[in-house]
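Right after this note come the structures.
Heads up, the next two complexes both have chain A, just with different partners, chain B and then chain C.
Right, the complex of A and B next:
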């Protein structure tokens, strides 16, 4: 499983996703600089919020698109059959891919957080380096891992890469606003309320693993909050990967 | 055959709708940038459900957009006041949206407070934003300080200004002069005795040493002013207005010429009021 994870990780470097991601963030920082050089200045609140938003959205989109395409490409190019001739079960193949993509995403999250921290420190001339922004890494990673689990499951369930990507992206949008769904349900009544509440309990609540609020306002993430996020993400990832392995194990390739 | 025609019809309708939409949007944008933006941005209760968990990020984007728009308008006005009611209404809508999405974002409260009070000539509206800031950020002295400044400068309400300055002076990082300013205003509004009592009560709180030193000095001065005022009143009842404070010493109403905390003599103004050297205003 480990060689496959390593192969997937190296493959992501060959696919130049790091270069694309890094370029995107540098462009974003240049944009901050352009706004920051205006007469009214740019406070670190803005850089931190926008930076967090950018890394979160970019990595989540990357997870949905890259994970689905990576798995699908191996199937379309028949590389998958080569892997499966090795003494490696189908479940291990999927878990190896998941591990490799997680390694890539973790490195990307560190790169993203570092670029934003350096930008924040340089542009707004804050006295100390805003290391608290590194909370972005576990926060974004837990979200991405939940999404990755779903992306792998949906790849097994869907007939094409496009539908799997679209479903994963749709899930990302709805799951990020899960708390809002509950608020929306409170303003509804009857069947529509039941339906919205039903959707809330069906989808993952990505806001439970979002540490932005605690990191930027509440002076840090408490161990309880971190524990809850880790437990929630672990449960979801395990459930989706087990389901994906079951489906992939019975799939007629 | 019918399928092909149906596809063509759908394509034609879609193209026409897109073109109409583009023309309408472009026309709307040309009519008024603010009105078009308001039409395109949903109201807060709806928008908050569609930020997909990124309320703070969307709020920051709206804030940058609002500042960019305001900066552009301010440049066009070339130093004149930003007093167009439509533009102020638009700014208020944007600020409300930003605060609704991210109530813990401090900058919009300060910006709205100053903009509406000075440019919009609506000090109460400006103060309402600063008071929201006071509630939202109970440890940040700036909101109470700026609200107090608006009460003092624009509404001439020294009592409220004094209360807010006093509140701000207790908070971390508050400038040390705030307690003195609050005391000056309290004295002007309610008399020396009330100002003295207020400062003495403040001294009993756990204040930063730098602030406490300044307040102790202010209390010493106010006590001297208060004693002198009492002696002056007694003197006036018997002899009428004195020519100088030396008259009070000569007649035994004061033991010696009164001095402030720095050792500088108190002064009797032409209006018959007592003034300490450090005080900029007469009372």
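Right, the complex of A and C next:
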């Protein structure tokens, strides 16, 4: 599985979609910094927030678009046949792909984070580099991994790349407001309440893996918060990947 | 038999429950050391049977086995090299990276893997193109790289689906030479093609599939004897007293028929004292194929 992860990482970081997002993210953050350092500029907190928002949104979009595109392209162009006639197996193929894509996303998250952190250090002119802000990387990555699990599952369930991408992006939007669903359920009763609560438990709750406040303003993430986020993401990713493997294992290619 | 397909039927559902049968009750095997050609027109079920053999699709009924095991067992692929039809490879990677991946997946590491990759790149004529990404390769170059990937671990059984499709004459010659070389080295090779000339030149065994059904399986010579036209050419100064003889030229006559018919006539002609000039095939594999499938 490891050779496939390396292979996927290499093909990902040279892919046009990935490079487009990579350039876009770096340029966007440099732009925020330029505006922040100008006399009519924004405060460094706003620059930071905008920077992290760009990292979060760009990585989530990239996860949905690139993961679906990569898997679908391999299926449509029959590159998949080459992989599946190696001593690999279908489940390990999906896991290897997931690992490789995660590695390429992590690289982008680190590059984005480094641009923001170095920029913040330059803008605020403090003596030490604010390394605690790197806690945003696991936060962003846990979100991406949950989305990646869904993207892989939806690619197996859908025959079109477009529908799989749209469903993954839709899920991303709903999942960012999962807690609001509970609030909505509290105001309902009967069947509608059960339905909304059901949706809340079914969709991923990305707010559970959001460490933004703790990373940026509280100097780091507490072990309890980190443990909860990691456990939740691990359970969710495992469940979606197991389902994806079950579907893929029964498919005619 | 290294690989065996028994009574394979594969049906596909094509919208609203409508079913299309790609192959029906097809059985054939690939014996060790053979060079088997699977022949049939486009859409006859050649690729479907190979995909079922490799576990890429699930049979509706029937069974398949590779080295006596089910193709779902990943370990059987240590012994198999496969080249899919209309091959595509990850176009952002380079040849060494792709071959390196295939080698690693087969447990090859370090210097041994590098030496094997260098040898194969030389063999398939891509040693000078290692700095290019696959995106910059022509179809022929991509086909040769995919062939190298299928051979990187020196497999016992090589299965190729339409390996010469879309190649120019030089590319086809290159692939046929490589297959012949692998066969001489003791490998078992099975390839599908609708180009009958390639099959005729290379193979010693034939599997003929037509409209999803097996029409013939056996040695190439058996196929020739069963369905090919043969002829006996003999000399006679006066019109011979032989039914069905036609004049080829001055004092030269020809009798045509199946292998068995021609053998009988040959014995009669010899007994009657005619001078035999030639006894051999009249048609090609292509004409026999059309006769066999009745079209």
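As a convention for this text, the second predicted complex is superposed on the first by the 221 of 253 C-alpha atoms of A that agree within 3 Å, B and C clash if a C-alpha of one lies under 4 Å from a C-alpha of the other, contacts with A are read in each partner's own complex, and residues count from 1 in each chain.
Criterion: contacts are C-beta pairs under 8 Å (C-beta built on N, C-alpha and C of every residue); 3 or more make two chains touch, one makes a residue touch a chain.
The model shown is predicted, which means the values in this text are computed figures rather than measured ones.
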item	value
Chain C versus chain B on the shared chain A, clash or fit after superposition	fit
Partner chain in contact with A:46 - chain B first, chain C second, else both or neither	first
Chain A residues touched by each partner, larger count belonging to chain B or chain C	B
Contacts of A:183 with chain B and chain C, given as first, second, both or neither	first
Chain B versus chain C as contact partner of A:85, first or second or both or neither	second
Touched partner set for A:252, first chain B, second chain C, both or neither	second
Contacts of A:15 with chain B and chain C, given as first, second, both or neither	second
Chain B versus chain C as contact partner of A:3, first or second or both or neither	second
Least C-alpha distance (whole Å) that remains between chain C and chain B when both complexes are overlaid	22
Of chain B, residues touching chain A in the complex	48-54, 56-61, 63-64, 67-68, 70-71, 102, 104-107
In the complex with chain B, residue positions of chain A that touch it	35, 38-40, 43, 45-46, 49-50, 52-54, 56-57, 172-181, 183-184, 206-207, 210, 212-213, 216-217
Of all residues in chain A, those that touch chain C in their complex	3-4, 6-7, 10-11, 14-15, 77-79, 81-82, 84-89, 92, 250, 252-253
Interface residues, chain C side, partner chain A - complex	12, 51, 54-58, 74-75, 77-78, 80, 82, 84-90, 92-93, 97, 101-102, 104-106, 133, 146, 149
